[in-house]
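As written, the chain order gives the labels A, B, C, D, E and F, with residue 1 at the start of each chain.
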Amino acid sequence: MAGYFTNILGGAKSLVVGLSITQRQFFKKPITLQYPWESLEMTPRYRGHIQLIKNAESGTHQCISCGMCEKSCPSDCITIKGEKQEGVKGKVLVKYELDFTKCSLCGQCIANCKPGAIEFSREYNLASTRKEDFHYDLLKRLKEQK
Amino acid sequence: MNKENVIQELQALAAEGMADQPEVASVAAVAGPAGEEEAKPQTAIPPEPRRNGVLEVDYAVRGVHVDVQIQGDQVVRAAQILDEAGMTLEAITGVDWINDQELEVVYDYSYTGGSCFRVVVRARISRHEPTIPTVSGVFPGANWHERETFDFFGIHFEGHPQLEYLLLPEDCDFHPLLKDFKGC
Amino acid sequence: MLTLSTQLNTYLFIGAMLFGFGVFGLVRRPSLIGMLIAAELVLCGASVNFMAFNRFLAPDPTVGQIITLFIMAIAAAEAAIVMSIIIAIYRNYKSIETEDLADLQG
Amino acid sequence: MDLGINVFEMVIYLVGFIAFAAANAAYLVWVERKGAAHIQRRTGPKEVGPYGLLQPLADGAKLMSKQFIIPAGVDRPLFILAPILTMVPAIMIFVTIPFSETILARDFNIGLLMILAFASVNVLALLMGGWASRNKYAVISAARVVSQNIAYEIPMLIIVITIVLISGSMNLTEIVAGQAGGILHWNLLPTNGNFLGPITFIIFFICSLAETNRAPFDLGEAESELIAGFHTEYSSMGFGLFFMGEYANIVIAAALTTILFLGGWYSPLPESIPYAGASSVVWFLVKMYLLIWLVVLIRWTYPRVTLWSLLNLSWKILIPFSLFNLLASAGLVKLLG
Amino acid sequence: MSSQPLSQNQERFELNLGPQHPATHGVLRVKLLMDGEYIVDAEPVLGYIHRMHELMGENRSWAQYLPNMGRLDYLSALSYNLGYVELVEKMAGIEVPERAEYIRVITTEMNRISSHLLWFGAFVLDLGGFTPLLYAFDDREQILDLLEAVTGSRLTYCYYLFGGCYNDVEDDFLSGCLAFVKRLRTRLPMYHNLVTKNVILRQRLEGVGPVSAEMCRKYGATGPVLRGSGINYDLRKNEPYSIYPELDFDVPVYPEGDSMARFMVRMDEMEQCLRIIEQAIAKIPEGPVMAEKVPKMIKPAAGDYYHAVEAARGTFAIRAVSDGANQAYRMKLRSPTFSNLSLFQEASRGMLLADGLAFMGSLDLVIPEIDR
Amino acid sequence: MNLSISPDIVPIFREGIFFGLLIVTVFGALLATLAKRMTRAILGLVVCFIGIAGLYFFLNSHFVALMQLLIYVGAVAITICFAIMLAQPDEMKMAAKTPALAGPFAILLGGAVTWVLASTAMKATWMAPALKVNEGTVKQVGASLLTTYSMVFELVSIVLLLAILGALVIARSGRDKIEC
């Protein structure tokens, strides 16, 4: 019988404690961020889709078209093409396409890139209703980048 | 749990199935680092299927302590031995050795009651008529693992209470992990 | 001016109709629940009569009300009992249609 | 009864109450969303209007513009009738609630009984809605709601009888009038002469939570078990009416608690204090909305009970306590004359 | 069911819980046979998001298979990453620098806390309490921010490489972790006050869904389910890997075997994770995070290899069969919840629907991992 | 309680409501007896109950009217609803398998009963009492319930108690523990 009453009292106490916690939280400030109006800064290591690194001096990329990224990609999202050109040592990159719809951002391409020509971009505001919008031409992108 | 006892019982069990083998295998061949024995570079698949028997393999490399290969119809008895020893059935899976025209059913056992002890039991069955008795009578948890193996390899577990597709759709007619599966 | 609401006959007629509907339903309905519903109608018909007499004729207007309250209590008890019987019968016979319950005849 | 009140006045009151019920339902949703958001450290609706104040209107417009889907195989008349049947009794009940000495539509002699009688229709509506939907979740939910409501009606009625015993009246206005003169005279407090006041209040509050199907007793629409319970199949205003009915019932429960225990429109301070001590409808609304806030807070704090612990609470704790309470109160009333 | 007399069968009805049901966390479907509110039989139906990860393992090189690990159990992706890279390192004999091991342990344990926090919130949500979910998300968000700063992603991490980690961590991360440890230490009592001590929650969990130790053994249940049944089995202790032997932590064990025990195991496990993180941060050495010589093409010796780690939900094991090529001949993924869920059918018989769902929640299901 | 009808109420309004109530009652009763589906019959019964409650209202006993709502609508109708849910989940299938003779016989019997009762009621001359002992208010009902009719009251409570116990016993007896 005593247990009956202590159970009720203990239970009631736990309920009151719970209420006081939520009521206290009610008076605290919201911690959410109102996204379209404010947004957090992306961390430097944020993994967006890959992009070619622009060399500040030469104004171009360092890709040697070795194809390691293409080969290491688990889901075949990278297509590159290099050409032999007159007067240039090695191959010259003429096409670097990324199919971001298949990319899983694993970083294998970057880890396997000998000259360190590619990096993750920090693009996260990506939205589209068409699949084709995520087929990136990274060379074009590099040129447009200022 | 007495590990030595378990190993001995398994050895006896494997020895029983030895009769079916063309030549007597070395029982309890303590294979040091198992890598040495099997590491034959460039050969895609070991040419000879392993013989039945119990191997104590290097845990640090292989991740298991005892490697047992037995006849297909002995898996239930193996399961009973390991069940009595208080071990848990961790997973069942298959391997398709298409070059030998054989399917291997692999049972991973572990011991949850104390110090780590892992036993792998394997049995090779014909690829053309893949049937093997179910261990779900001993370990009810084997039910799903066997169904999954049935999904992927088409191995029929005789006496299984509900051998239906588990992960694959119920109307599919292929077994994707067979090496001659060409996609659908 | 037709004042239906202040005439005893209106209520008595309604009571009689409800009673008649109840009897009709009791005979017609093949299932126990249908009969229960009809029985409730019979009780209501009686209650309406009581209330009407109570309002217009009784020297002590509490009597009719009290009797109606008693009828309600009986109706509630009846509903509870009938429901439990229906459930029990359904368990055993898988039917609550009176036809199928011939076994119950003593 | 005086049937001779002005018909026009009645119409005005009716329209007023429907508007009050609808506005309360709409803005209680806003309060609930905003309150829940702040409890959870979010901001809640804030886009439509300042502080999202116009959100209920947007929601209402959305609900009304949606198609009222009647799934194939439902029992059409019941399916359509059920949401209406939840709303109509709720509005009927508003007629009897005295918001202040002057703001009340009908001063019923047995107003308390009327509230209980009409409130019991709500259960039937939920049962019908669930049953007519021909959805297994809805049927389970309907069965739960009924067993829950029946179980909690008993302690609730016993508590109401206790209050009637203390007040000597079933007239809501008289019950409130009996609590005049500041907080010490409220039925809530033992100082009123009934030392069991707080227990009575707590039991009644729990029962009213259960009767309005609010968390933690919202077994009927337990979303993690039964999707949405009895209104799983409802869309558009069918759902809207169920929703409004739920909030109208919350308002009624809070108003009834205010009347029975918190001294209605009387100020908690003695009447001698100017302004603050004066009785007015403001006090009534303040008390009522504080209670509603408590209901909201409870919903966002506790997990849901199971059916058995719900019934156990009723049969093993509330009913014995309320019976004891009734006995003790009757004894007190007898003793004190 | 055929043995049932007809009269018993007719009162029962089938109820489909899922594949789109709020309490099944995704796309699990449970075929319930109900007798009123009671579950007579519950058969989980799997495979709604089956992706044939095992076949992918046979078509990709060892390195290319790495990102798949984060897609198994998306809530504790790093545990799975860890299991896989350790397996391949074992196969190929790659030594991992000590700093990398410490980073792995710190990040894995952070990930384990985030997984448990999400489970905590979702579990209470299953029971009808909404608010704790968002409090848990608040804390989890801190972890995700920290891990994002290191790994670059928030959920499906792919951070470990064979022979080390993708990149080194900064001191900011370590101090952030310490700050988080401090923060969670103050938050956990709040959770206990708000949730664990709540009488309603206790009534819903105590004695609900008892799973005996023997039943766990028969079904191969692991992780918190096993520890909630009174068996002290944690691979981090029983079969130590990485640097766990150097760290001092306890394995919470509750003998009751009910949902409350599983709940408490996970709650206590979070505290132990905090201890591990603290110690690891105190001990972390300087040095490289990547092994010197990692072959570009990994071609392990032929044979089969087994490796098991303690993921947030139990034993995650991989059996890889190599034929000496750059890709696996056979890749078997043994996921913990697959086995844990398989006991649901037997254990849930005769339960109330609500209790069944509480029990299911206490098993902590992640469906992509079950379906693989 | 003012029993007199106030002059300023529009009598037509009042009579209109009353007539509506009559129609509702009869319609409900018809639905309750004729509807093929049991749920409709229940709906009819509820409608009929509400109508009757209205009639009681017009008979100046609000207490009984509200009790009618509380007990019949709130309890009896729900009980019957439950009985249907439990015993006839498959009601679509349930065609009215009325025996061939039952229909005409029922109409005959029901009609006869109605006719006899109604005609007796109409023909008889009822005499209003010379004076009323009391007004029939709730207070007076309560008072006589606990004085004059206290014995009946007790008996009814015993009946109710027995009914509840009996219902529990009967309904429980068939139910075994869940077997799996």
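Following the convention adopted for this analysis, a contact is a pair of C-beta atoms (placed from the backbone, for glycine too) under 8 Å apart; a residue touches a chain by one contact, two chains touch by 3 or more.
Just so it is clear, the structure is predicted and the values come from calculations on it, not from any experiment.
Asker: Farthest chain from chain F, going by mean C-alpha coordinates, please.
Answerer: Centroid comparison gives B as the farthest chain from chain F.
Asker: Which chains touch each other through the most C-beta pairs?
Answerer: That would be the chain pair C-F.
Asker: In whole angstrom, how far does the Cα centroid of chain A sit from the Cα centroid of chain E?
Answerer: Distance between chain centres: 24 Å.
Asker: Compute the distance, rounded to whole Å, between the mean C-alpha positions of chain E and chain F.
Answerer: Once rounded, the distance between the two centres reads 61 Å.
Asker: Distance between chain D and chain E based on Cα centroids, please, to the nearest Å.
Answerer: 44
Asker: Mind checking the centre-to-centre distance between chain A and chain C? Centres are C-alpha means, answer in whole Å.
Answerer: For chain A versus chain C, the centre distance works out to 74 Å.
Asker: Indicate the residues of chain F shared as contacts by at least two other chains.
Answerer: In chain F, the residues touching two or more other chains are 14, 60, 63, 67, 75, 82.
Asker: Got the chain C residues that touch at least 2 other chains?
Answerer: Those would be 91-92.
Asker: What are the residues of chain B that contact at least two other chains?
Answerer: In chain B, nothing touches at least two other chains.
Asker: For the complex, give me every residue of chain F touching chain C.
Answerer: Interface residues on the chain F side: 11, 14-15, 18-19, 22, 25-26, 29-30, 32-33, 38, 41-42, 45, 48-49, 52, 55-56, 58-61, 63-64, 67-68, 71-72, 75-76, 79-80, 82-84, 86-88, 94, 96-99, 102-103, 105-107, 109-111, 113-115, 117-118, 121-122, 126-136, 140-141, 143-145, 149, 152, 156, 159-160, 162-164, 166-171, 173-175.
Asker: So in the complex, the part of chain E that touches chain B is made up of which residues?
Answerer: Contacts found on chain E: 46-47, 50, 52, 54-55, 58, 87, 90, 216-222, 226, 231, 233, 238-239, 299, 301-308, 315, 317, 319, 321, 323-325, 329-330, 332, 334, 338-339, 342-343, 346, 371-372.
Asker: Which of the residues in chain B end up touching chain E in this complex?
Answerer: 34-35, 38-46, 60-64, 86-91, 93, 95-96, 106, 108, 110, 112-116, 118, 120, 139-141, 143-145, 148, 152, 165-169, 176-177
Asker: Could you list, by residue number, the parts of chain D that touch chain F in their complex?
Answerer: For this pair, the touching residues of chain D are 1-4, 6-7, 75, 77-78, 81, 108-110, 113-114, 116-118, 120-121, 123-124, 127-128, 131-132, 139, 142-143, 146, 150, 153, 170.
Asker: Could you list, by residue number, the parts of chain E that touch chain D in their complex?
Answerer: So the residues of chain E touching chain D come out as 13, 15, 21-23, 36-37, 124-131, 134-135, 138, 194-195, 198, 200-201, 203-204, 352-355, 357.
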